[in-house]
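Presented below are the structures under discussion, each in the form of structure tokens.
Below, chain A partners chain B and then partners chain C, in two separate complexes.
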Partner chain A sequence: MCARFIKSKHFFEEGMVESLAEVSEANGKVWDEDAELDVVGKGVSRIDGYDKVSGTAKYTFDIKLPNMAHAKILRCPHPHARIKRIDTSKALNLKGVLAIHSHQNTPTIPWFWNMSQLYDAHLRYQGDEVATVVAETERIASEAIKLIEVDYEVLPFVLDPSEAMKDDAPKLYEQGNILRGKPDIYERGDIEKGMAEADMIVEDKFSTQVEVHHPTEVHCSVVNWDGDRLTVYDSTQGIFAVRDTVASSLKIPTSHVRVIKKYMGGGFGSKLDTGKYTVIAALLAREIGRPVRIAMDRKEMNQSVGNRPDSFQHLKIGAKKDGTLTALSHYSIGSSGAYPSGAGCSWPMRSVYQCDNVKTTDFSVLINAGQGRAFRAPGHVQGTFGMESIIDMMAEKIGMDPLEFRLINYAEQDQVSRQPYTSKKLREAYEQGAKAIGWWDRRQKVPGGMPGPLKRGIGMATQIWWGGGGPPAYATMKLNRDGSLDVLAGTQDLGTGTYTFIAQVAAEVLEIPMDQISVIIGDTATCPYCASSGGSTTAPSVAPAVKDAGEQMKEKLLSAAAAIMETSLTNMTYWGGKISLISDPSTSMDISAIMQKMNERILVTTGRRSANPDGYAINTFGAQFAEVEVDIQTGKIHVLRIVAAHDIGRVLNQQMLENQFHGGIIQGLGFALLEERVMDPYTGTLLTMNMCDYKMPTMMDTPQIDVIIVSKSDPLISDVGAKGIGEPAMIPTAAAIANAVYNAIGVRMKSLPITPNKVLDALNA
Partner chain B sequence: MKNFTYKSPASLKDASQLLGDDWSQSIALAGGTDLLNLMKNEVETPTRVVNLKQIKELNKIEYNSGYGLKLGALATIAEIAAHPVIKAKYRVLHEAAREIASPQLGNMGTLGGNLCQRPRCWYYRNEFPCLRKGGDICYAIDGKNKFHCIIGGGPCFIVHPSDMAVALMALDANVTIFDGEKNHTVPISEFYLLPEQDMYRETVLKPGEIVTHIYVPDVGSGEKSGYFKFKERGIWDFAVVSVAVMLRKKGKTIREARVTLGGIAPKPWLEPHVSENLINLVPDEDNVSAICDQSLRNAFDLGQNGYKILLAKNLMKRMILKLAS
Partner chain C sequence: MKFSTIKFELNGKPVEIEVPPAMRLLDILRETFKLTGTKEGCGIGECGACTVLLNGQAVASCLLLAGQLEGTKITTIEGLVHDERMNLLQRNFLECGAVQCGFCTPGMLLSAYALLQKDARPTTDDIKNAIAGNLCRCTGYKQIIQAIQKSTESLSDPDQ
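Entry: the complex of A and B
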């Protein structure tokens, strides 16, 4: 049969993706708002829970192959330099060293969109790859990299993106430091006219810091050649993306590369890109004819595997006395790091509120520091902090409640595409969140009005994100003779529960117990294609494919049963995992009984994600409400409670959903109050090299978190009706905390993280 | 980490001999919670590591009424935090022990190691050839100095990170040191050195010397003490500023006071002005505030750490008033 394709669009991180969707043959039931489901949506325990808590789960970091060697990268000690000479002779003489690679003895492999190479003699930040040693042990490799003698031509460097934009700044690339040579500008209506129409104008500057992902599992790969075939165990968010990059880098057929990732200790976007280290390890492994393991240490995690770019935002908004927004202007500068990475943060300003006159200008600037990468809602986390701060400032200036002000400017349709949303329940999120936190009676009427040194306040912020997912995503089902089921999908579980929801969806459709189902994901050799896990797209893309495979399997079983009973398909019914004649329930046969009567040992179906509907915008929405207590004698902010009220379509697993909200909110709290990459301005050296100086929140910093889901399903997106939740969970947290801090102390904090020194300085300015 | 030989002597004398007379060659290991990091970052590159944990009798916590508390240098932070007598009588010590790092680090870390840990400064701890490591400049002066000292610094601006030292100073403890032959005892207020006294070491210990015990005088009646550690993160963080206060009151009048501070200086910092002026005072919010506001007169702002001055004063006030009430 020839498959029929149609076009489908969706957002992945901050970019629109257009893809072709195969049209499914199955006609399954749509899980709409009224659908009553038995397994999907319930707080089913993770199917990988036992493996993880018992320590038997094997992460990439744990993979040990016979005869495996270990690689360690020598990284550039200067923020900007050129290699004049490398002498590896001393290092090669160290006992246990097997090989050393650098730009001198490896092919030129393009990297970073051809702007650099795998080993580049031009080193653009402190941490750039200079050479790699592979040795019998990681310890020997670490010793050996210190014996490599490198003559560097040290070049002038620049760390501050505003400085880097100037004509006389040290250049990282001949074409200059501004990414693509110009800002990313978005415009609708007439910004000048909008400002002129305003009764009130608020203008201010906001800044956010560089944040580092720090997944619990470090970035690592284990690679093994078998003849000219390569197996890569990788801690990655995209097995097929890694396969493509590794194959093209090594100039071998893609079919010769197999990428495997079973369990993973988090990624948050930092593992969306293929790491240089994976290809580096593959080259070394080919040379020495042994498996090679390469794993980053925490210093490298701080330095070289991505971050959330900083932002310096200059915002100006206009509104009428009645609260109608007339103009929104956003101008920002953000650091890409040493290699291209988008650092813009204006999407919230473009899309959250109804406003006809909008202009946004985003500069992404190259500086001599580690490269930025997608980080849990790239741009949105930074942009939402600035925007929701200035929205609160305008509400106060007009003399209006901040929530009321937001409702006046509620966007009924997508402001950028002018299309209707498939669903939008932000109003419900505002209402239920406000009620839960006590917005109308517990907020300080006068900011800072609470007597005494401990001042409480409540604030809120809005979230928008895409997260509807889309094709292509495939799932293959293999139904065994005993009625047990294998489900295969080339997606990956970052730790968020992909294994479990796949089993839930399969169990729901085929009405079989979850313990009869095995889920196989994260293997390019055995699983059908799914996209990388980013943009909160995994569940909304993969779940419908699994459902479709299940619906097809049901039809196959019905058809088989009809053939066995020598009757027409239309006389058959599927109910409770059993099949019978509609007219005679006593003819009921379970799946294994049907399978026993057939020659086929295994029935196979492959389901696919349907296309997204034309003419609609697909978004997730939400609002978070924070209650804080600020000690004005110390500047310490205690977050007491976060209420997160969100529209995310269908809940697949209540327990995992709440877990993911907790993770996102704690990460958002870290961004608001604690985490910051600090660099020494005079040497270009990273100072926050460990988990002690780079302060991530602990359980002791974690507030009470209440999750409210205001949506039931969004059946326009897919038969499952789920949207993604990974990124929405984090987007508004920092902004809500900052607004709560203002409500508590009456002084606005415009720079993240809001550390005690900043609060004390602001209060005593 | 550089290669090293590992020795595990059973006696103090052997340990002292193995430690030798050169700081750069030989180093003592107790809990290892600081040492291993220093060695991994190659701030310390000893050729010999001398494990002290096989030495008996150094891990005891003993209390005798009228005599006081004798703490073995190998007693762990967790043991001190859990000790019922310390919890009842020496609140400041109990509270300081509870605030140290994380439970895991408290289980490993020892009192002696906590007192002798190397300073916090991200220039010292990273790959900067700074003054303290024999280089020419202190990078903190023009660099990122939000966590650096506000008093007692120069030409190096480290902070001493020990919580126990600050608490023990408020208790007027004494440190017993074995020099290879015999013991001698110094008041803890004389145990620590400023950079202007020694650029490379934070204590009076000489190579081969080992801290064996800490003696804390018995607490008298009417004595109250407490510790407050201000940190950015809820747990597992060094003090931005910490304050230890010991007060002895008779009726409503303060008869004896010791106020010490952590996180603000290259050594645990005793504010004599505050301690002296509290004596014979009937404390109230106004007079305590006035005394604290007058303190830290020699403190200065390196550019990003000025907030610590206000923070230290506010924390002193709060702790004194809490104990006085």
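Entry: the complex of A and C
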């Protein structure tokens, strides 16, 4: 048996997850740095591409079932209120309305770690769920929610997290507004001593805004009961997570819930959590005995399905004249929104630089606004902006080049666990990125020194993230009688390319053409378990499981061929998708020839992700360099170029890798310059209700982007050696842009997004 | 609800429907004709996911109502399966890696198609302007621009 059970631990988003996993112990062929691969690593076009360009790809949003009804949620118009009375009689009388649910006629279903319920009479933000109408059409449901009469007891609200921390602030919960009642504190060494040892101290404040995910496909579910079994089509990043939450909410066995998700229009973290709307739809569908579809609109997308929390960071760092960092201190406050969500952002400060004296304090504070949720490198994007800004400030104070300063404080081992890294090629990323952007000769020697109103500058920032993935992750291979191969894995493709890399890995191992392979993912009933797609863990977790399944399949084919030729296994060899006697290549049979002889039998294997090595830290690293042009007359910033140099282990698909990097960098650019959820402090309501007011980058904002990968493989992690890239792509972009803006205009921008008015204010200050 | 009879041409075929005059073209396509290649991203004209052609012009189908359709020619992604120019664009979108989640893709393709119908050799700025109303949250747009550029080059090359 080539497998055993372990207790597996690895980072998922910002937290350590622990779970029992059956892991592979097979000694498969390791794809190390020198491995020569034919399919993996190449820019193979995505296998789901045709469906997508032809318009035939079916997303959850497109699912239509016979007799399907449509649901729409009535959301609270106030930032803080209590329901006194709901009268649904008028709405129920509207032709086409089938049922209405609220806290009055549904069971109490705990939500948000028991701090609230599916329908809670205590409403904590503008957008909280009050009632849901199900009707013949979405239009009727939308009309009907306007006819529901609700008496609200309007309560005082608080939006500013610093205000919310005060004793006399309006309380969202009896126990107070600070999540868990206290900050999250991390400490190593002696921060006071470190500050005392410093020759120079820099202290400053930085802030970042709330950012909204906005995948193009809205959050949506279609649910259908068949007796006591429920099928859920859901636009989700975690089919098994949705299955478990829906089953426990409805108090039915998990085996009675099947979650299906084929194509999906993006997620970026917002679709990691199970939506209340899915359970809401399931309750209504059970009542009316018909399938129910529920889809959010853009207003709800802005308001109610997650965001990147804001941050107010107070940083203080100390260094010696020779550039050695002696102390790093981080204090931040961030908004969880109305329900629990971690808003800390200190991980970069804890982990990027070599420093013995570190203290970080993160407050996550509950306020009357939409709940935060993991968003592409939660915490790291905000934290990297603050940290990499103050690192640049210190370098300038010491009179040292910012890159040289970073190299002096290069961490040779993980600063938090004190373990070595499986691999770290950040130095190479610094070198190659610097060379590509022209760091040594094209930066402004004097910040703001370029004459004239259009000022150019170059800046950089460092990236750290986890992204090594880990078990459990399984993949099942079925070799069919016609020689075609099915690969099944309970993972998801968010648009990231999961379908394609699974086929590539299978094709590589079995040496068969990709078009002989079907990939089946996103179905809890047919696919073996894989974790949710988040934390840049999908490829590094799933690819090795596929490889393991493939290696086992090869063994099976060898054994089958040996039986057919009535010889022993040791006489057989596998080469180029064919099997022959070692002694006589003319005996070769291809896979379909073997399968023809197997009668109706198909061959099945299940591959497992191997365990991560003990005693190592697994991280991704990188550096991004930005060149900007700032018009000091208008304050407008034009990002000319981003060079992204990263260590991400093995590249599985060059084209999809570049896609991920370009997309992450553009989101980082949006975060740096454009995107911001704006609330009205006087009414507690959301002002950025659509995608015009909430500004995302368009085609007009694209800079030149160059992606440089400095790694070849990380064979210590797995036989495949891949790390994740979705989040690393975005982490340093905003910080690099902000540092470039400083180099261009000589004035430091400490608050994101860096809008033209902030630039002009800073220049005129 | 009052229904009106509306006649127009959909993907090259004359059609006649009885719908409320305020029904959105987007819903007529997706619900009446089950053409789900046209996507909805916002419903209020901001994202471009619902782009279709109205008499050859790229328009947001979420902003057009049934009453405005009489006598028009509407073309969706499904109507261009056998169109050479569209096939070229589709191929180049795939080759250049202009597709990730793909939800914005049909709208992007139709905006690009409308541009190339008007002007077979657009500049990069023309391309950017033509697509600026189509939001994509996954890609960095660069590959989309490249794919469109490549389609203009191959079209103007007589050997292709």
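Here is the rule we go by: the second predicted complex is superposed on the first by the 756 of 765 C-alpha atoms of A that agree within 3 Å, B and C clash if a C-alpha of one lies under 4 Å from a C-alpha of the other, contacts with A are read in each partner's own complex, and residues count from 1 in each chain.
Keep this in mind: a residue touches a chain if its C-beta (ideal position, glycine included) is under 8 Å from a C-beta of that chain, and two chains touch if they have at least 3 such contacts.
Because the structure is predicted, anything quoted here is derived from the model rather than measured.
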item	value
Contacts of A:Ser54 with chain B and chain C, given as first, second, both or neither	second
Partner chain(s) touched by A:Pro77 [first = chain B, second = chain C, both, neither]	first
First (chain B), second (chain C), both or neither touched by A:Thr698	both
Chain B versus chain C as contact partner of A:Leu687, first or second or both or neither	first
First (chain B), second (chain C), both or neither touched by A:Asn757	first
Per-residue contact with chain A, leading partner among chain C and chain B	C
Partner chain(s) touched by A:Val678 [first = chain B, second = chain C, both, neither]	first
Which superposed partner A:Ala196 touches (first chain B, second chain C, both, neither)	neither
Which superposed partner A:Gln633 touches (first chain B, second chain C, both, neither)	first
Chain A positions touched by chain B in one structure and by chain C in the second	690, 692, 697-700
Of chain B, residues touching chain A in the complex	37, 122-123, 126-128, 139, 142-144, 146, 230, 232-238, 240, 304-308, 310-311, 314-315, 318
Partner chain C, residues of chain A touching it in the complex	43, 45-46, 48-59, 61-62, 64, 214-218, 263-266, 268, 297-298, 494-497, 655-656, 658-659, 661-663, 665-667, 690-692, 696-700, 702, 705
Residues of chain A that touch chain B when the two form their complex	77, 633-636, 673-674, 678-683, 685-690, 692-693, 695, 697-701, 755-757, 760-761, 764
Chain A-touching residues of chain C, taken from the complex the two chains share	30, 34-44, 46-47, 49, 76-78, 81, 90, 93-95, 97, 99-106, 109, 128, 131-145
